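Worksheet: one structure, shown below.
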Amino acid sequence: MTATKPVSAPVADRVLPPVDLAPLRRRRIRRALVQFACVLVSLFMVLPIVLIAFAALSTSDELAEFPKSFLPSDWTLDTIRGFVTSTGVLPAFGNSVLTGLYTVVLSLAIGAPAGYALARHAFRGRDAYQVFMLMVRALPIVVLSVPLATIFLRAGAYDTVAAVTLVHTALAMPTTVLITASIFVAVPTELEEAARVFGCTRTETFRRVVLPLAVPGLAAAAVFTFVLSWNEVLGAGVLTIGHRTLPAQVLVALADSPQSYRFAGGLALVLPALLFILLMRRYLLSMWGSRG
Amino acid sequence: MADVELRSLVKTYPGASTRATDEVSLSIADGEFMVLLGPSGCGKTTLLRAVAGLELPDEGQVVIGGRDVTYLEPRHRNLSMVFQSYAVFPHKRVRDNIGFGLKVRGVPADEIRRKVGWAAEMLQLTDYLDRYPAKLSGGQRQRVAVARAIVVESDVLLMDEPLSNLDALLRLSFRADLKKLVGELGLTTIYVTHDQVEALSLGDRVAVMKDGRVTQCANPTDVYDNPATEFVGGFLGSPPMNFLSGTVSENGHGLALELGEQWVPVPAELSTYRDRRLDLGVRAESLKVVDEPEGLTCTVEVYEPLGSSVLLTTVLSGQRVKVSAPPGFRAAPGDELRVAPTQTRWYDPETQLLLEVR
Amino acid sequence: MKTRIPWLLLAPSIVFMLLLFGWPLVQGILTAFRSGDSFTVDNWTRMWGDAYFGRALRNTLLLTVIVVPVQFVLAIGMALLLQSRPKLAGVHFYLWTIPLAMSELAAGLVWLSIFSNHGYLNSFLSWLGISPDGIGWLDYDNPAGMLFAVVVAEVWRATSLVFVILVAGLQMVPRDFDEAAQVFGATAWQRLWHVTLPTIKPSLQVALILRTILAIQVFAVAQALTGRNFPLLVGETYQWYVNLQNAAVASALALVVLAISLVVSIVYLRALRRERA
């Protein structure tokens, strides 16, 4: 006769046992432990960098002190200045930047088309090509640097930025190809097909449709390649004398340099890395995610 | 084997403005097959996951077999579950998949073998025991998931839309197999689905949910014949229940619902609705085609011969009404038809609730 | 025409790689076996007889055998820690991937400030009162100390790579699997063993081969920390070429590294194939 309320299941007015909170407590403890472990690992990762920064910002007297205090009492830029003004450091810095940029350009110019081919075309020998690339990546750079040095010597190209660029490009190539392949795979073929239907030529399609979508990924690949080149030590060390890259310069001067030089050098090598990772953060996982 | 009691369960997902479940209470008896039915976002999966322990409620209680398990880790609850995606481990053979629940509980190997064999036979998987899931069809993988769930002989069996990834024919045959299987084993089951046919077919009781609440919980016949709200009426049945809206007035024959020029008698108990609006609910198959002068007049708009019946979309005094006619019934768009409503149900237009009438 | 396009696009990379890898490889092999213009194994005997060679070989193998398992266990642990979505997960992720962009040399120098005789570690130990004069971690007559320092520095530097590969692999694992394991009664360890690890096996395998081969080539880290006191194969290659100006012996050493890498790769691939069968 009167409107009824929506009927939920007839809830028997049973008396239910009290809520068991023990699992909740267990869960909180577990989460606290996880937090703690994360902090420990983060400390392990960060502390050494903090320490070398402190070392590079201490005076030479403080560096000689023992036991060292955690924080330098005299902050100074002298050590760093000393390093930067040491022979060969600034030019080496310049060489590293140049090599890095050239490497990025060259490896993208050669590698990106290959990546595109891998992404878009299924062809015989595709697997063989991929295996070839992977194997080449596993080849020790050391095996090649020495003979390459000899080859470059004979060609008159020894001790040039070009020589190091070539080696770095070769090192970066497999990764560049595979990363660009996964970037292009992520651009749907339908978009390209639509562009073709609407009248674009192949190159126009690539330029207007594929490239803009691929740019973020390509940028990440570029940063990755730059970092690879920037950090590379052995090849650069073997292939250069007068036109060293920064790591090569520091390596060579290592044995004869005072502590302050080493620490300031270490910091100089570390700082760009921090910046690079900050930029690359978002792409790190997507780069590695599309691979095996 | 156990009963399940949910009391005032509240769950809001982080970042959401509305509650996923809004103080839901439900009792499921030992051995009962309870279906949680509703459109996506109604909270049915949240409820299931709360029972499983994969979501923890903000408020309320979950009690299984008289034991409070509200915050207990899933693995201590002695449950089994069939997921929508089956979640069959690709790197294990079928036999190791089925036996997974037993193996991690430390059951001795020969007993595992025996039980796995029994479950495989129940689901016609005996020939596939040594295969890897990649070599199985979707339907077979589904059966592996079910086998894995029943072999453990848990307290409660949970199922999250297990049939929705199967094609239509498989769904039909597996539905029947499932009903038979669960009936034989007598397991307490909670089954989530958005498919009302599944719900009516499988459940001992159906809990129809909307916006985080249970709008009606009753056996399939009741839910179908006496929908507690217009939503339930519209959600169950294919086609959905028709709702005709009109004003109640007094005419020579008593209370009547005015539908344009026509009228339908209104039970005397609803006299409080005189001069107010009222909704009439009537199912397509309850509108019988009659001859003059009986019934109401409507005009045919669409004629759909569905094989086992004929579905007519008609217009009755300006409102669209679906009529289900016997197979072979002929009518063309534009034809006039006379239909008599039977099994009518009355609803308050504002609250949308069923008005009980004796 | 259709099938020629991909090869056109691939050609530059293939040519480039063959020139820069293939040719030097052949050259390297030739150089190692030549003296002047005649075929000789003198370079090899010289390499073998050198005082540093034996130690370098031993150190390289020892380092690899220790560092790789440690990195993997650590990386798996780190990946799982992040998987349980703690607070500030983003910050932790960033910090844990910093070493990825770090040069070997930088890593060595960073830990030098810690392990050197007047370094931070000894300062800390002295402050704690455990060892007032500090331990000579990097002393040339403390091979265990040097090994420890190099291991720590290498682990610090290179675990991030494995970590990132594993995290990427884990992200592709559907949540359902882990939830199913939970409901069916698996403990955290059981879930790890039966569900998580098998699902990321492809990632693990790739990472394993790469890491091992790269571990064999560790060089600048040890150079920065110990100079030539902790010789390694690649370090020796560098020494022979740059300081001793002997390209032939350097090539021979490089080929030893190549040989070890090949053996390792073959062993791994065999083991993988056997598993799949």
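The letters A, B and C name the chains in turn, as written, and every chain counts its residues from 1.
One rule holds for everything that comes next: contacts are C-beta pairs under 8 Å (C-beta built on N, C-alpha and C of every residue); 3 or more make two chains touch, one makes a residue touch a chain.
Nothing here was measured: the structure is a model prediction, and the numbers come from that model.
> So which chain ends up in the middle if you average the CA atoms?
Measuring from the global C-alpha mean, the nearest chain centre belongs to A.
> Looking at every pair of chains, which two share the most C-beta contact pairs?
So the chains sharing the most C-beta contacts are A-C.
> Roughly how many whole angstrom separate the Cα centroids of chain B and chain C?
57
> How many angstrom between the C-alpha centroids of chain B and chain A?
52
> Centroid of chain A to centroid of chain C, CA atoms only: how many Å?
16
> In chain B, which residues are in touch with two or more of the other chains?
73
> Can you tell me which positions in chain B touch chain A when the two form their complex?
Residues in contact with chain A: 5, 7, 24-28, 56, 61, 63, 66-73, 76, 205, 207, 213-218, 228-229, 269, 348, 351, 353-357.
> Applying the document's contact rule, which stretches of chain A touch chain C when the two form their complex?
Against chain C, chain A makes touches at 31, 34-35, 37-38, 41-42, 44-46, 48-49, 51-52, 55, 63-70, 109-111, 113-114, 116-118, 120-121, 123-124, 126, 129, 132-133, 136-151, 166-167, 169-170, 173-174, 177, 227, 230-234, 237-238, 247, 250-251, 254-255, 259, 262-263, 265-266, 269-270, 272-274, 276-278, 280-281, 284-285, 287-289, 291-292.
> Taking the touch rule as given, give the residues of chain C at its contact with chain B in the complex, in rising order.
So the residues of chain C in touch with chain B come to 174, 176-177, 179-187, 190, 194-195, 198-199, 201.
> Residues of chain C touching chain A in their complex?
3, 5-7, 9-10, 12-14, 16-17, 20-21, 23-25, 27-28, 31, 77-78, 81-82, 84, 86-89, 91-106, 109-114, 116-120, 122-124, 126-127, 134, 156, 164-165, 167-169, 171-172, 202-203, 205-206, 209-210, 213, 216-217, 219-220, 223-224, 227, 234, 237-238, 241-242, 247, 250-251, 253-255, 257-258, 261, 265
> Along chain B, where are the residues that touch chain C in the complex?
Chain B residues touching chain C: 52-54, 73-75, 77-81, 83, 85, 87, 89-92, 100-101, 104-105, 148, 152, 158.
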